[in-house]
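These notes open a run of structures that come right after.
There are two complexes below, and they share chain A, which is joined by chain B in the first and by chain C in the second.
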Partner chain A sequence: MAHRGFGLARVGLLQRLSTFLTMSKKTIMEFSRYPVAFVATFAQVFLIILMFLFAAFAFTTPGSELAQGRQIAGVMVYGLIIQLFLSFTLWEVGFSVREEQIRGTLESLYMSPASRFGSLISRIFAILLWTSVMAVFAVLLVSLLVNGLPTANFLLAMVVLLFTIFGLMGLGLLMAAITIRLKESAQFLVSFLQFFFIIFAAMFFPFGVLPDVMVDYVSRYLPVAYSVDAFRSLLLGLPAGFPELLPLTQEILIIVLFGILAPPVSYLLYKEVERRARIQGTLGEY
Partner chain B sequence: MPEIIIRTEKLSKNFVSKDRKGFRSKKKKVEALKDVDLEIEEGEIFGLLGPNGAGKTTLIKCLTTLLIPTSGRAWVNGFDILTQDNLVRASLGTMLMGERGLYWKLTGRENLDYFGALYHVPKKVRRRRIEELKELLELEEFLDRSVETYSSGQKMILAFAKALINEAPILILDEPTVTMDVPTARKLRRIVMDLNERGHTILYTTHLMQEAEELCDRVAIIDHGEIIAHGTPDALKASLVTEETITLEGVIPQKVTEDIRSITGVKAATVTSEEDGRTSVSIVTEDSRLLLPKIIEKVVGNGATVDFIKPHEVTLEDVFIAKTGRALNVDTRVVAEREGGPSGR
Partner chain C sequence: MAVEKLGLTRMSRRSNLDIVWTVFKARILIISRYRGSLFLETLIPLVFAALPILIGLSVAGGDAAASANFNRQVGTPDYRLYMLLGAVTFVVVSIMLWIVGFWIRREMEMGTLEAMYLAPAKRLYLVSGIATYAFLRSLIAFAIALGVGSLVFGVNPFQGEIALATAFLFVGLIPLWGLAFLFGAFILKVKEANSVVNSAQWVVSFFMGVFFPIAFFPPFLQWVALSFPPTWMNNGVRAALQDLAFFFGTWYFDLAVLFVFAAVVPFLGYSFFLRTEHHMKKNEGVGQY
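Let's turn to the complex of A and B:
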């Protein structure tokens, strides 16, 4: 059989990296074409923070507002950071895969030799960049409101956050697979999961608030719960009773394993779902 | 002798579809492709013809690796579609789904740049290629506008440009002229022929027989997922043992019609209409090319005045009708539904 090359394509490592950057740039560019959604999302995050903060202030003991206010704000805002990364990864990856399925661009992507992994990661990468900006602003805003947030063990907390983000990338890939399988029903699942994690990973309150049965039978099985616990415990300066689930070293070990294992395991699952979609012809169904 | 650049061997694709009625659903097996054997030569324009739902798009989706076939094998540009799918994709420029498959919030240029990157075309080369395509396809007027502002025809042209961005050796074009106006469709066909002259192999699907006759070196007719005929358009037409019809219009006395009937090879001569002294005569012959001079001689020699002669030549549509008993504008899925048989996608 004849082989007549690949036209203008140049399949080297540098070109693949350049393709990855173009894919990320395209995701950001598409975001920027929805300015109202862009601003509303940003504003919404701050409104959520303020809502929780003011509710928390209402229950602080009179006379010790400042110290307690900082602690409560820390618990909330550091939980919120993990929540932001989690919800944007789950929501936006699922949403963008579904959007592409509806528009037909998912099939265009699948007809190209570009890496599927690269394509999904580029989406997540762009989303994470955007979420990081929001997270920084959220911390600054709350810090301003409570005259400075506790930021002990900053570097170790960032390592925890980094591995958490890797793990969340895995969840993003999982969400992409679920979206290809369930189509728009996946969006309802995302809404459910967001609230599920807010409650069971104790994102806006200490785990001590949860009934033991919920912690023992659900929270302890969620790697994200250890991320929330370790991240905020570290930044709050490991106050008495923190971390709440396990000793810090064990929590960090779980988070590192989560960060290392979740992306490849989820990608394998994604590949299998994709293979089934190619068998069933559902990849481009809309 | 040209080498084979696309080959399929007993390629089959089954789907399971669900018929829903209220809360109940019933699964149904659909055979979209049945043992398709096809060989496409390097450097040819190969037409895949068939009505809607015949299996054209399913076959193309298998060749572009979007679908995994149920059984059989296929090779594109020397690569196996199952085990070397990424190399297959890198070998193709594809226009599928028409105007779908574009990012509506991005401009035409941004779309081309993005898809060029997906095909690993280096940035500088992409820029140059986009400029070339702008000239070739006259994109200048709308290239830097958001795709959401495009007309259907402009979106189709951009989708065509997208298929050309990587200058792949093989182009797969699935009904590319659907929704295009006549001049734009004509322009696209001209470009397809130019690309072919420059060495690109083109697999072109259409349900427009005239388009296939104008463009294709060889065609395959697909119906209910099966290739029912293939060859050059001329060979396919010649393969039909059929009668040919000539229509004469003018002032033609009744006697002349009888004289025409007496010519050897004329099977019938029938007056089809008479109005204001003008007559239309339909003449059925075995070979209209051979008999037309004799018919004219007979008509003119008997004092008739002929002002319009319309020979009706065999078309690919006639081939399709002869093979399937149906006209091409019938949706195969509807027929299959009525007959209780399988249908393509």
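Let's turn to the complex of A and C:
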């Protein structure tokens, strides 16, 4: 029997998969229509890296060792990778709801029997691909600039990255729920969150340079901070003083729990917010 | 006799000023509904300044070493003020570009751009309204961010030649109008505003030397940076307040260059905007989304 309210449509696994694939295709096609955006985003990553390296150069002691430079570059570029995934997830998954509202297509999309979960996470497909390519190029560029970056414990670092991405998907869904409530103001929140995580999850510098009070009362409560810490500590080969927040096993446990729990919890929250918006008739409100 | 194509409409100087004022008022009304953006404009320069400061501390290994190394490389030990000034000047530039770019894109998305083009109001006055609004908003953001940033980073911005720094800031804002037109034309053409604006922000901050002096660049990049008006504005403000070197050694030569930019860039920018617009109207139309 079809689900109540869906007419003759069958909301089975196959239909969900089909929605996901169709929406992913649509997202990739949308991306491909804006080639300048591709190039611009790509250039942006290189500029960020170059700018921070120049900034770091202003503070160097003449004749400082290359190994130290490599470690600092590693701290920055590996943090940047998590930042890229975070940024894309927040904007493309979280704020995409707003784009549909602006275009006036959100309500019609929700009136169709297609899986809403599928439509939300479909954007991830294209984004993951694109962000991964950028991350690889970012690592290659910095590697070239500092004559090789440390890439120790690669497989374990990838596992950490994978669970981090799942967790970030949860954050994206949470952001989508908030966007339905806040509407236009959500973009300020997304921007704010980006900056918040850059500082409090110490994405471009070690946690050691943050004041203790910030680390103890904010950073230690952010799963993303553990992701950044564990990911770069592993790739840097666990040098003395890394990871900085907790022993590695505990950090990995937190990251795994973040990756497993964040998506379903956030999706439930999203469904509740969406249900209320539909009852109030504010879903497509612009 | 009415101007051709305007029917019975008479576009007097007063009605033109009225267009500028109406657009300006509309933008103020809209932004008053989104107070979060004002908060964000204060936050962005703080984060922007905090990043190189924290990176610097980690590279140097402490405040004293960071200060000494920065003094050796840049010429001032007060690296916190240096970064803060760069960040707040960057926010001024960013707001000017961002507002014009996004305004065009938003009108496209909402389907009102073509309708606006059909109205008898000249685009110059519409864009002037937007640019005036951006001018005011960027100055407010500059003042708030500098005030809050000074408290957060524990620096005193009221040192050196304040009047000269203010002159560099105000004269530097004029060519930004021209750059905003250029940027608007680019958005009109490529359509995708989000990523372009995001990337442009980094391009701008890179070339205007927000975090470091452009002397760090290889010669070719130094020339590129020097052909960009915000670089002169940023360096002028810093040099006046922190007793750093002007590009030409003396403030009046640097200010003169900025005056030349102020005289030329707005006309260049607006002509380019009109050309792009004309080209699009002849081909695909400006409302294509």
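Couple of notes before you dig in:
Operating definition for what follows: the second predicted complex is superposed on the first by the 262 of 286 C-alpha atoms of A that agree within 3 Å, B and C clash if a C-alpha of one lies under 4 Å from a C-alpha of the other, contacts with A are read in each partner's own complex, and residues count from 1 in each chain.
Just so we're on the same page, a residue touches a chain if its C-beta (ideal position, glycine included) is under 8 Å from a C-beta of that chain, and two chains touch if they have at least 3 such contacts.
These figures come from a predicted structure and were not determined experimentally.
By the touch criterion defined above, A:18 lies against chain B but remains apart from chain C after alignment on the C-alpha atoms of chain A.
By the touch criterion stated above, A:108 is placed in contact with chain B alone, chain C being left untouched.
Within the superposed three-chain model, A:34 lies in touch with chain B and with chain C [touch as defined at top].
When the two complexes are overlaid on their common chain A, residue A:54 makes contact with chain C while staying clear of chain B.
Under the contact criterion defined above, the residues of chain A that touch both chain B in one complex and chain C in the other are 34, 103. Those residues of chain A that touch chain C in the shared complex are 34, 36-37, 40-41, 43-44, 47-48, 50-52, 54-62, 72, 75-76, 91, 102-103, 184-185, 188-189, 191-192, 195, 198-199, 202, 204-206, 208-210. Listed in rising order, the residues of chain C touching chain A in the complex are 33-34, 36-37, 39-40, 43-44, 47, 50-52, 54-60, 65-66, 69-70, 72-74, 79, 109-110, 190-192, 194-196, 198-200, 202-203, 205-206, 210-213, 216. Chain A contributes residues 1-11, 15-16, 18-19, 22-23, 26, 29-30, 33-34, 103-105, 107-114, 275, 278-281, 283-284 to its touches with chain B in the complex. By the touch criterion stated above, chain B contacts chain A in their complex at residues 2-5, 7, 15-16, 42, 58, 61, 64-68, 70, 75, 77-79, 86-87, 89-94, 96-97, 100-106, 110, 113-123, 125, 129, 146, 162, 165-170, 199, 201, 345.
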